[in-house]
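Down below are the structures I want you to see.
Two complexes are shown next, each including chain A; its partner changes from chain B in the first to chain C in the second.
And then the complex of A and B:
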């Protein structure tokens, strides 16, 4: 039995090391962001909030944050109706070519973001569309769409179809049955998809990398270009704020919908 | 009439969005890669040539970059597969009360921007970073070790980015296993390691294979981590692509690189599809 216990202890030890591995860089960012020195030394020699002030006074970061927020909000709001309609269509539809449509809807996740960004850049440039906001919006709608479809479809599949049928038997039109019965029941799924899509769009680098220009810069990309030239703790401060935001939203998502369902489908 | 709006009409707008903004542009880029290279030229022309592909495949320099990209991605994938399996088993075995917390710890890094996570590793591995502070503080080394800007740094960063992605399909596969099966093995005298390696892991292998495919393909196309953490000579395929599209404006040759990147990732996905058959396919499409 001791061999078993030894195996068990080794396993637990490894698992704890992996937890530390996953969280260490995030914790280090937060610690460094309160540093009072201009170099990122460990452990910090003194504590202050000056780098938060520096980050909030950095015009590039503030403008980037605003751009990213507007972009993520617009992309989410535009992609959600399309996604919900598509999910309802998939739920009702009985076609032979359904797997092809499903594959089409997964393709924005499977094609690397970098590649879809470049593809959009090239095709839009050829069509004469050179404005960064327009091409960013299209690219980010592609980020959001598959997740709204996935969470909405997951909610629909848990729904008892007889509810809709009962409403219709009792005299509701199918339109009424959908808007009064089905839609309220799948709302949490739609909301989870929107929130998740918003986070992914806000954090995105790969799709946006080739679609931004000097005037329209998203927050992650302006942080990245800042990092390529300087390494002061104001990046840690802005990153800590982003981590705090994401962690709050993550906990909400986990309570609301379940993170595992979100990433792994049904 | 039960369905005033036919299901096909509902699916149509999203189909058009994906087809027009993803599939069509991909085909366009592929066509572009066969145009003669003219830096600054961004219109598709009718002239066709394979000179761009020849330029890539005839040069040892580009082969080296492709080799390095594949090496970094394969190493990352192997490490993620080993550790991802361990974490997936931990999630699977955890009592329901602790599960939510573990899932948040393992999956929440996925929701933090890649730039932020890479920056975190710059703080940990830098000359004044956490690891060097510990090593110097305990007197193991006198001078800070050069940890950043190496291939190993890139691999550490990539493993951190992709580990949670590897865990997911494995957990999904584990959850399909009937708990009576490992229990029966235990009753019949198998130790925990035997149960894990001979019973549980083979049953979870479709998830593991799906994870390996996804992580390899994503690692091949990652840009932020190699760009920020790699050394000065650390060209990988994606940084080369960035250079062609943004710096030298040779979009035709850039399109060739995109085609090669896509082909390499899709090759990995394709091998999985045909090698491991329907069960893995079902997992991939989730």
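And then the complex of A and C:
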């Protein structure tokens, strides 16, 4: 009894330590962003919102944020149908090299982003695609795609295959069975993949590093180049805003799809 | 309702033969069951009728027209899946309406037909629930309603009661029986439970290794199993190996480990052939060996009781025969004054008309 309780206490202690380890830096950044000093000191000596104002008045940051947002949105929206189609193909397919194809689809996660970035730069240049927006869009679709495929495939594998067959015996074409039965049921998985993909695209540095140019700059890269010359808390303010965005997106989607799933059962 | 006929149908999963030369006629309005152990090809046969598994060779006909190339969506079938496969994101009414929507029936008609069907399965008051909010029995009835509302040519059921507990299962069996008879539905049912098959069916096809071993009315399957496999599956669990001593038009004589017993006539048998004798445990009576002077017109084999178990209404004896085999006897509890103990020397007896003979 007491041994059990001790074990339980140790375990929850470990979990809390992990939380602290993971979240403490984020909390620090958020606290520092409200600093009134011109240096990133911790703990802050005074409080102010001046670094938020500074960040939002920095044209580079604002333009970068807009670029990053549009880029992440476009890459997610374009990669999602492709990823869903790929996942459905993998789910239905019964060919011999399926594991290899599956591994190939997730390889962008495994290959270091810098390598993907350089490889894309070389390949796209030789294909005549030299504009940064096009290069970035292709690169970021590669970031999003594996996540959409993985999460969609995961929800497909949980799906009872006889649901599709049931729809077909009731007179649905395979397309109707997909859009009316399969798609609504795997929507949470697709949404999770889109969320992951969007967030990772939004704060990607590695792949983008070689694909940006002076006129098209993503937010993480403009933050990085800003840091090379100045170390004021406006970077902390930008970071805090990015944390807030990610957090809000996660909560909203979890609420929406989590609640919906509960409502419909399963 | 349609008559469904399978003629010399073969089906494959990859390279494995799942259905091996099956021929069946399901008459219009009849309830036919495919019965067999798992892996016997019953579900594959059902999937072939449903159009979910392609026919490798042979013919599947609905009312005389071949449907080999007709997709399951076009066959007008109502299917109840083993997992039920209710659409979890739709309400009960939406589930039931799905087939009608796919058929582009007018919305007003859909509504009235769905309501009528839900009333038939006594779920009218739960039309707006989601499947996850219902009990197992209610979900069964939704699946049944969804399959029946489209007025299918044939209702196909793939072990729909497998997941239910015994009580609910029996209730659903009764319900399905009355529903199919009232509506005159042609039905093809799959199960591995012989009691379920006997109770529900107009005809049973007992399947083994992709083949139909016997196809006939339940009483015939039960009383006159055509093969050893069918006998075994129908609860005729005593199999004794012996040698055929003589056979003519009226009877036969078999040697079981030194005891001579009589059995039914057997043509096309050669005297001296090894043969398997089968008898139901309920048909075997046990007599203490000392008191067995008068049993001369019955077959009798000597042995010793190994085990006695009590089953409420009946006692079950396991008897080791002198020849080395064993036999099970089930007797009503009050059939004798004092119980027989393990170790008692007994004679196991049965009437020769209760005996079946099979190739060894």
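Here is the rule we go by: the second predicted complex is superposed on the first by the 229 of 266 C-alpha atoms of A that agree within 3 Å, B and C clash if a C-alpha of one lies under 4 Å from a C-alpha of the other, contacts with A are read in each partner's own complex, and residues count from 1 in each chain.
Keep this in mind: a contact is a pair of C-beta atoms (placed from the backbone, for glycine too) under 8 Å apart; a residue touches a chain by one contact, two chains touch by 3 or more.
Owing to the predicted nature of the structure, the values given are computational and were not obtained by experimental measurement.
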item: Side-by-side fit of chain B and chain C on chain A, or clash; value: fit
item: First, second, both or neither for A:181, with chain B first and chain C second; value: second
item: Chain B versus chain C as contact partner of A:168, first or second or both or neither; value: both
item: Contacts of A:71 with chain B and chain C, given as first, second, both or neither; value: neither
item: Partner chain in contact with A:194 - chain B first, chain C second, else both or neither; value: neither
item: First, second, both or neither for A:160, with chain B first and chain C second; value: second
item: Chain B or chain C, by number of chain A residues touched; value: B
item: First, second, both or neither for A:121, with chain B first and chain C second; value: first
item: Touching partner for A:82 - first (chain B), second (chain C), both, neither; value: first
item: Three-chain overlay, closest Cα atoms of chain B and chain C, distance in Å; value: 5
item: Residues on chain A lying within both footprints (that of chain B and that of chain C); value: 168, 173, 263-266
item: Touch list for chain A against partner chain C, complex; value: 160, 162-163, 165-173, 176, 180-181, 184-185, 263-266
item: Partner chain A, residues of chain C touching it in the complex; value: 50-52, 71-79, 81-83, 85, 87-89, 98-99, 102-103, 130-133, 146, 150, 156
item: Contact footprint of chain A on chain B as seen in their complex; value: 1-4, 7-15, 17-19, 21-26, 28-29, 32, 42-44, 83, 86-87, 89-90, 100, 103-117, 119-124, 126, 128-130, 132-133, 160, 163-165, 168-169, 171-172, 191-193, 217-218, 220-224, 227-228, 238, 241-242, 245-246, 251, 254-255, 258, 261-262, 265, 269, 285-286
item: Sites on chain A touched by chain B in the complex; value: 3-4, 7-8, 11, 14-15, 18-19, 21-26, 28-29, 32, 39-43, 79, 82-83, 85-86, 88-93, 95, 99, 101-108, 110-116, 118-123, 125-126, 138-139, 141-142, 145, 149, 168, 173-175, 199-200, 202-206, 209-210, 220-221, 223-224, 227-228, 231, 235-236, 239, 242-243, 246-247, 249-251, 254, 259-260, 263-266
